[in-house]
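The letters A, B, C and D name the chains in turn, as written, and every chain counts its residues from 1.
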Amino acid sequence: MSSQKAWAVVAGVGPGTGASVARRFAQKYSVALLARNPANYDPVVAEINAAGGKAIGISTDVSDGKSVKNAFEQLKKELGGATLAAAIYNVGGGFIRKPFLELTEEEFEVGWAANGRGAFHFSQAALPLLLERVNASPEYPPTLIFTSATAAMKGSAHCASFATGKFALRALAQSLAREFGPKGIHVAHAIIDGVIDIERTKAYKFDHPDAKIKPEAIADAYWYLHTQPRTCFTNELDIRPYIEKW
Amino acid sequence: MSSQKAWAVVAGVGPGTGASVARRFAQKYSVALLARNPANYDPVVAEINAAGGKAIGISTDVSDGKSVKNAFEQLKKELGGATLAAAIYNVGGGFIRKPFLELTEEEFEVGWAANGRGAFHFSQAALPLLLERVNASPEYPPTLIFTSATAAMKGSAHCASFATGKFALRALAQSLAREFGPKGIHVAHAIIDGVIDIERTKAYKFDHPDAKIKPEAIADAYWYLHTQPRTCFTNELDIRPYIEKW
Amino acid sequence: MSSQKAWAVVAGVGPGTGASVARRFAQKYSVALLARNPANYDPVVAEINAAGGKAIGISTDVSDGKSVKNAFEQLKKELGGATLAAAIYNVGGGFIRKPFLELTEEEFEVGWAANGRGAFHFSQAALPLLLERVNASPEYPPTLIFTSATAAMKGSAHCASFATGKFALRALAQSLAREFGPKGIHVAHAIIDGVIDIERTKAYKFDHPDAKIKPEAIADAYWYLHTQPRTCFTNELDIRPYIEKW
Amino acid sequence: MSSQKAWAVVAGVGPGTGASVARRFAQKYSVALLARNPANYDPVVAEINAAGGKAIGISTDVSDGKSVKNAFEQLKKELGGATLAAAIYNVGGGFIRKPFLELTEEEFEVGWAANGRGAFHFSQAALPLLLERVNASPEYPPTLIFTSATAAMKGSAHCASFATGKFALRALAQSLAREFGPKGIHVAHAIIDGVIDIERTKAYKFDHPDAKIKPEAIADAYWYLHTQPRTCFTNELDIRPYIEKW
């Protein structure tokens, strides 16, 4: 193995899960953070670097193949002799709740753009790098994790855009797990079921304490997934607060 | 109710399921058959009209919103005072089996175009007409049926394009069933699991007789779904030959 | 085929689904109705016979292997040269809703006794007769249908007894479908999701009309399943009123 | 919290998963190991005690309510002022693969006895102790984990006994998670999909290395589940070797 630290790449970094995942993986790896708007990753990049870790941000539109290609070209230059240990796809996409007959085509396509097309581009760019790492006999199997939602399991009324996207993401995760698992890559689909505890959700009040999912706990779950040996891959797990109805 | 016969519309008419469904629904309704290539519906249209039924064909590209809108404008003119009793979305889309890293974006999008975007356009055009019929106190609840596949339940290796499309279609079907069921429309997702017995599959040989699904039997299933009263809607069923492994 | 009418057997006959299924299958077959308490089947038996059909009742405790064996011995005598065309297992078992720590072992076992053990005995007795009919080239493939519930798909709080029973019933249905499908027997699992419209549920009021499932419509669904050719077996379907939340 | 170490209890301890789970939890807790035959837990008990941990074995027949009650009475005496931090139900039950019509009632009931009835008795005895610990503000939420299998998701031909048992176990796990999650107890269902790497499976040869699941890796997964905070409970995960077909 190279003496350089390996890398992790996280797409979809805002103030919630993405940032926590970046912080967690930065404890061991250099991290590249992808988001359309640099304002979303700049604070985390600065924070990780200030704390002695290594982080870079790359402005990327995951629904645009060329933009993703460019991002990974830049990442490859950063890698030098190092390899990619983990790739986390955490792009939420806009959640649209609307009566079906009021949806425009553009609104309907939002779910697919983020969860289908975006995950496709990200996976196509990340998998060759993860495959390279398999040969480097890494401590942990190279890992590709997709952040998903309950909408991947159930299509609710007025949620056609989001549900079609998340169902598609789950299909992609399964297909990749079955193709790349035997090649030594761990592909996992994480069903996040509940409200995440971030600035934006501060106003949501619950009767119980700890009713919102701590993004740090999701990050711990992803890190645990990453450390699973290849004799013991988890391909799907759910995550929800103890008081969540499901 | 109008003295005119009600209509059914079938999108995705080739020599297999679509044609059989058209024939079956033509026993009670006038039928409009949609396919990109008129060569796909012309023989069935002629056959139904020759047999004393009423059928028209409309060349339509379901993945193009404008084309679907035009098709339904034409259909509405044909309706006159009649209503739409059933809409069947039977568009297969191209099935692509390929290692993931060899998929182009165009190939990956094939599944979505047919099963996500196409089903969206078709549903948006058909649902307002089906809602109108609810008020006409029809014999059977207006029905929207989606032809799906095992790939809606399981993402297999090398099938990312098809599986993402079919998972998305299932999400859409569930979302619409939950939104439009309470409005009196029956939405169903049919998982066709197996090889369909048509000209193109003649070469597929099995050790057992009746190993391929008869399209007429699928048509009977769809007709049965259509006749279910609103106290007893089936939202999902599977269909497979007796010898199919599942 | 024998000139005698073939038979259908229905276990779990009360005033609801079981009686409706019996009436429906009695339109074509002689029917044997099984229930612990003759008071449950006597009125239906009388009604069918009065209407020119043929029905018998056999007092049976399905959770007791010997009792089921005796019932089928009696049935075999009635069959004479005729064969068994359909077997419907419609035993509800007691529905117990209770905090888990208050459940006695006896109460917990109620779900299994009805849905696991009972379905086992019934299937073991019915399948050999259904297999015999396969060889008689019947009009419709011999059919074994299990009445199930949403509790087969989701284990709710306070429903451990019922849910373990219904999950087990679904497992049994799948296992039998995969073993006996290739032998020509159609095994199906019907998920009834909603309140059934019977005397006992008269007090349940809903805001919408037709909010309860008509048992006649379930019977029609079972009859449709029975008529499916072996190229087109449905192994699982759900049934719910149009306004049901799911 | 008491100065005494808290306890974990593991039911179903043989040379595989149970022993590894006991070793893992013994790193932090005193452990009580339950099995019918002391020969199954004696070596692990000795090993843990020799290594400076604390372990006891209690001969228990989980399918017998009285035997489970006795075991937990003994455990409670051992607890003294300490509390129960985790309970792991790892009872395999006999796996029976047989044509359905050759199954005796006794053989069919084997799956239920181990996975339904046994899990019921174990849960009823463990949950009151886990509830007590919730009030003790423990580091990790008290945890109840069930070892399950692919047979909990799919009923295969010739596996009616095992599949009905594992489906029932999954139903129980879901029901308990929904009832006791809001009370602060973490209930999880672990789908172990593959051959476990133990003495008994040495003869099973695969083309690939690491084709069998290491029991230590399952133990790590269970430990990770135990450490999840209540904002982030995983209620179900699958575990399989990278080369497993699924």
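Operating definition for what follows: a residue touches a chain if its C-beta (ideal position, glycine included) is under 8 Å from a C-beta of that chain, and two chains touch if they have at least 3 such contacts.
The chain lineup, named per UniProt: A, B, C, D = 7-alpha-hydroxysteroid dehydrogenase.
Bear in mind the structure is a predicted one, so any value in this text is a computation, not a measurement.
Asker: Based on CA centres, what chain would you say lies at the far end from subunit C?
Answerer: A
Asker: Taking the mean of the CA coordinates per chain, how far is subunit B from subunit C in Å?
Answerer: Chain centres of subunit B and subunit C, defined by C-alpha means, are spaced 31 Å apart.
Asker: Please compute the C-alpha centroid of subunit B, do the same for subunit D, then give the distance between them in whole Å.
Answerer: Chain centres of subunit B and subunit D, defined by C-alpha means, are spaced 46 Å apart.
Asker: Roughly how far is subunit A from subunit B, centre to centre by C-alpha average, rounded to an integer in Å?
Answerer: So the centre of subunit A lies 35 Å away from the centre of subunit B.
Asker: Would you please write down the residue numbers of subunit D that are in contact with two or more other chains?
Answerer: As it turns out, subunit D has residues touching two or more other chains at 178.
Asker: Make each chain a node and each touching pair an edge, then name the shape: line, ring, star, complete, other.
Answerer: Basically the chains close up into a ring.
Asker: Of all possible chain pairs, which ones touch?
Answerer: Result for touching pairs of chains: A-B, A-D, B-C, C-D.
Asker: Residues of subunit B touching subunit C in their complex?
Answerer: 141, 178, 181-182, 184, 186, 197, 208, 210-214, 217-218, 220-221, 224, 228-246
Asker: Please give the residue numbers of subunit A that touch subunit B in the complex, ascending.
Answerer: Listed in rising order, the residues of subunit A that touch subunit B are 65, 99-101, 103, 105, 108-109, 112, 116-117, 120-121, 123-124, 127-128, 151, 154-160, 163-176, 178-180.
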